[in-house]
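There are structures below to look over.
Each of the two complexes below includes subunit A, the first together with subunit B, the second together with subunit C.
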Partner chain A sequence: MDIPSFADLNLGVTLPAVFLALGTTVLLLIDAFLPKERRHLTAWFALAGVLVSFVLTLFNFGSSETALAGMFVADSFTGFMNLVALTAAAITILLSIDYLKRTGNARGEFYSLLLLSTAGAMFMASANDLIVVFVALELLSIPLYIMAAFRLNNAKSEESGMKYFILGAFSSAFLVYGSALIYGATGTTNLQEILASIGGIVEAGSSAIFYLVIGAALIVVGLGFKVAVVPFHMWTPDVYEGAPTPVTAFMSVGAKIGGFAALLRVLVTALPFLVAGQTVEPVWQNTIMIVAALTLIVGNFVAISQSNIKRMLAYSSIAHAGYIMMAVAAAANPFTADFAARSALIYLLAYTFTNLGAFAIALAIEKDDGSGTDIKDFVGLARSKPVLAAAMAVFMFSLTGIPLTAGFTGKWFVFQATMQAGLVPLAVIGVLTSVVSAFYYVRIIVNMYLSDGEGDEAAGATPLVNWAVYISFAGTLLLGVFPILATNLTETVTLLASVAP
Partner chain B sequence: MVIGGITPEAFAFGLFTILTLGGALGVALNRNLVRGAVWLIVSLFGMAGLFVLLSAPFLAAVQVLVYIGAIGILITFAVMLTRSMTNLRERFTNQWWMSAIVAGLFFLFLLLGVVAPVWGSLSPDQAPAIVGTTEQLGVSFVDGNQFVLPFEVVSLLLTAAIIGAIVIARHQEEEE
Partner chain C sequence: MVPLWMYLAVGAALFCIGAYTVLSRKNAIAILMGIELMLNAVNLNLVGFWRYQAPENMSGQAFAAFVLVIAAAEAAVGLAIIIAVYRSRRSVVVEDVDLLRW
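So, the complex of A and B:
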């Protein structure tokens, strides 16, 4: 047997994710041994861990190596996804500290679970093997199920956790089944080896191609549940509404980071040449296109009729999954794959800042018992809390995709990728549904600025929550005004090992 | 060592077969669901013994851990939670013969597969000698060239699940 030396394992490049995972286990112990009056420090230790991991990611950025016998890949795609996931985790910690305290749920385990989930997203972004994709997805999801049910004695929160758990477990089974079929057809779970063996299978026209097609379809179903695309979106509004607001905020971003990272890796790195006949595009492109179009239409139209901000943002998050799905569809074309992957990354970063910001404002006006999150609770906010209202207006503009906000940058890149891949109808649907989305986003701005009424005093807007708002606000504007910040970081993103001849 | 013409293997095979089939009969014929669950565990234990005889010790251990340890207990819990069913002694519905036909057909199908070489030849020399499957599995979990990353991630996953169980179960107690 071939015994690897320590250097072969290349552990250095796995450090950001491994540090966070190890740090979390230490955090559990810290929380257990801290005296009761110092328990509030746990959150700050968690934040410190996130920051260290962020710095480690920056140090590793731009490398393109595999580690642990090809199971782990560290390239700029991984690095960028890590940065997005860690940013989301840091903002969520800031949102959680006071929220958990005022709703009577301040328990240190929350931060360990949050960091474990973040580590799961990071492992998913660096997974180079179907087995790692699966276990990392579970590491991402299981803490989310628990955090969704974190609110004590609250039937809605418990329902949310239970629903998410049952549907999540169900969807994981699809993913495993799909992976097993692909393993059966190719004899390997490593993404590069799958890529290598697919050419022969397609050329020989052997029946194994059916296993590959069904396997790819099942993987799309499994990951589609996690990122909440239509028709696998039914759980989203209930779960988002019932879960504690910081958890909803993290869930809306973290699950998408992990899910889309895995979807792009599996489809673009392993299955780009799964073609039928003489086409360039793989067979999964049509499916992804239809899913993207349905997601855009259903998400944006159903959001109009929502009266609760958390439910509205849930449908809005479905709609945004549709825009990222457009990028995945564009990534099917081997010539535009890298640009499409880049656009998905930029979109995710833009969405992270904007959406976390929007949830931060929703959290600020929420009452301690979880009520007060109706759209009409925003009435008059511009008078009582002008700064928060202004920030919320910018977040809403960004979600719509108005220029000079991050949302515009993201949409611009995604639409450009879609056009380059020649998917004009999809791009048209994307633009039209963006116009529709303006309707429900702008309604909040109208409520805040133009409707008469006494403004909410925004009891939840503690200094820490304000900081989270400022950070999201800065990110949203910076990315909108200087898109070069994100494009520079994603310049070297390549998912395809070799472009088709 | 042969006692009275019966090798120890044959004796063990007979014993485990009786456990498996007897347990299965107990599940099918018992009207009390809790007793049915206990009989199911007996049957599954017999299966684990058969796995040992087929030189698959790892499968046998997994059978005990997963099926008896986890699934058997899960079924018992489920029966106990739906308490009204614990003392169910009513007759089965009239549709029992439909299940009987389906089960019988399935049995014939399996029997055909075992006796006739439908799924490839069944010559006895294909049976492998005992291989260190458990050992290989253990090594591949901690070998840097194989599955160390998924293994470690799964261990984190279990940690998360245990924390979750505690966090959710403590709800009631902290209320006071």
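So, the complex of A and C:
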């Protein structure tokens, strides 16, 4: 076995993720050595780290190189996912500072955990090897378990952390078992080498194909838990309700960014030719389609009956995972794979801005003891806090997918990709469930504008939280009015062609 | 020599026992042990596959080492969370942990 030279490692292109991971360790030290009255600066150091990583990603954007002996790939897919993950981290830091202070949990290690988790999502987006997928998934998840249980002496938060931990660890065991089976069938863990060896296995019709199919299925189960698709969604509402609100906000986007990035990489880059019989589409397409359809239906219909805003947004995040799953199903068709991957990326960006914005408003009206998260608490918000109410209305429209908001742009691309791949029934389910979703999103707007009652004074709406709302609001509107911003960034995304042997 | 399928059979059996433990036990510590069992079943598979299918490619062994490390990290975090729950409720039985229900 060759020992790679230092230059072969090509560390330059790994810098955005590696900087963040190493910076986190430094941040822990900074927090430990800062005098007590300066501890609040840790958050700003964390934000600075995110910004540096953002700039490094922009410098590397558009390259298409592998690094770390082929285990790491830096292309536009990685770059775009990195930008989305870092944006989510930055907005979460803005949300966390005052929230942690007023709930009595202002401890600096929170920001280290947050950045580690972000780095995990970035490594997942650049994984080119099953080992990296697994390690990055754990780097993303383990800090999230801790963050979910971060509220000291709060039974709900501890319970949420425990539930998330048990189901998360359970699901990653499935993922790694699936990886082991794929390694057994192909003799390699590198995604490109798996791709290269699959053709021979399928043609020979050897028994190794069973390992591949079971392995792919187990990987879908493992990642399906992380991104919360039906039937692996049972933990989501409990964990989202119990975790501290900024953590829920980050969890709802960060885990999905990492999970879908890895799902697209493994299925589209490594296993696109895992076919049975004479079809073009790989065997996993049907499974993904069924999962997507179930997720859309269950997520949207159960959300209607929720009375807690965090639980409602949990079911709404399950439903949105269904829309991204539609794009994954469309990516099974080799002719539409790249466009479908693009649409998933654009949807994730739109979802990130909108969902973080919605959680920011929920956080603003939440009381210090964790109450005030009921949908009834939105009554009259348009009179007491007109600006926040207007922003919330836009976020709700965007989650529904009304034109001129980011949500519409995302859905438009996903539906187009689904149609191009010829999955008309799935697209129909997507459109119909979008209509259903309007019911529970518009209910919040009705509560804010049309119901009588004293508005909440939104004590949590500190200047930092307001800034988080403004940033999400700007992102939601910009992406809705000028979709070209996102389409330009994803123009060179190729999951399939870049690796074709 | 012991054929490969025997290693795989033991691995699959261990994995299923682990999964059954996770699904059937009420005690959070026992659930954690079940998860460890599942991860070790994977290690058996990885090392078996490495020895028989691809001895020239070390990634199976490397993967097993990573799984060990991550299992340790997971156990550390998991036990810490379980201790936090125990402190507030004097119980690690998952059925008692039921504040969050709709």
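Keep in mind that, in the parts below, the second predicted complex is superposed on the first by the 493 of 501 C-alpha atoms of A that agree within 3 Å, B and C clash if a C-alpha of one lies under 4 Å from a C-alpha of the other, contacts with A are read in each partner's own complex, and residues count from 1 in each chain.
Basically, a contact is a pair of C-beta atoms (placed from the backbone, for glycine too) under 8 Å apart; a residue touches a chain by one contact, two chains touch by 3 or more.
Quantities reported herein were computed from a predicted structural model and do not represent experimental measurements.
Q: Is A:S179 contacted by the first partner subunit B, the second partner subunit C, both or neither?
A: The answer is second: A:S179 touches subunit C but not subunit B.
Q: Just subunit B (first), just subunit C (second), both, or neither: which does A:T25 touch?
A: Once the two structures are laid over each other on A, A:T25 reaches subunit B alone.
Q: Applying the document's definition of touch, where does A:N153 land relative to subunit B and subunit C: first, second, both, or neither?
A: both
Q: For A:A393, using the defined touch cut-off, is the partner it touches subunit B, subunit C, both, or neither? Pick first, second, both or neither.
A: A:A393 contacts neither subunit B nor subunit C.
Q: Go through the superposed model and pick first if A:P237 touches only subunit B, second if only subunit C, both, or neither.
A: second
Q: I'd like to know which partner A:Y145 touches here: subunit B for first, subunit C for second, both or neither.
A: Both partners.
Q: With the two complexes superposed on chain A, say which partner A:V135 touches: subunit B (first), subunit C (second), both, or neither.
A: In the superposed model, A:V135 contacts both subunit B and subunit C.
Q: Could you look at A:L9 and tell me whether it touches subunit B, subunit C, both or neither (first, second, both, neither)?
A: First partner only, subunit B.
Q: Could you list which residues of subunit A make contact with subunit B in one structure and with subunit C in the other?
A: Shared contact residues on subunit A: 129, 131, 135, 138, 142, 145-146, 149, 153, 161.
Q: Quick one: in the complex, what on subunit A touches subunit B?
A: 2, 4, 8-9, 14, 21, 24-25, 28, 68-69, 71-72, 107, 109, 112-113, 116-117, 119-120, 123, 129, 131-132, 135-136, 138-139, 142-143, 145-146, 149-150, 152-153, 161
Q: Any idea which subunit B residues touch subunit A in the complex?
A: Interface residues on subunit B, with respect to subunit A: 143-150, 152-154, 156-157, 159-161, 163-164, 166-168, 171, 174-175.
Q: If we count contacts the way the header does, which residues on subunit C are in touch with subunit A in the complex?
A: 8, 15, 18-19, 22, 28, 31-32, 35, 38-39, 41-42, 45-46, 48-49, 53-54, 56-60, 62-63, 66-67, 70, 73-74, 77-78, 80-82, 84-85, 88-89, 94, 97-102
Q: Flag every residue of subunit A that touches subunit C in the complex, lowest number first.
A: These residues of subunit A touch subunit C: 1, 129-131, 134-135, 138, 142, 145-146, 149, 153, 155-156, 158-163, 165-166, 169-170, 172-173, 176-177, 179-181, 183-184, 187-190, 237-238, 241-242, 306, 308, 311.
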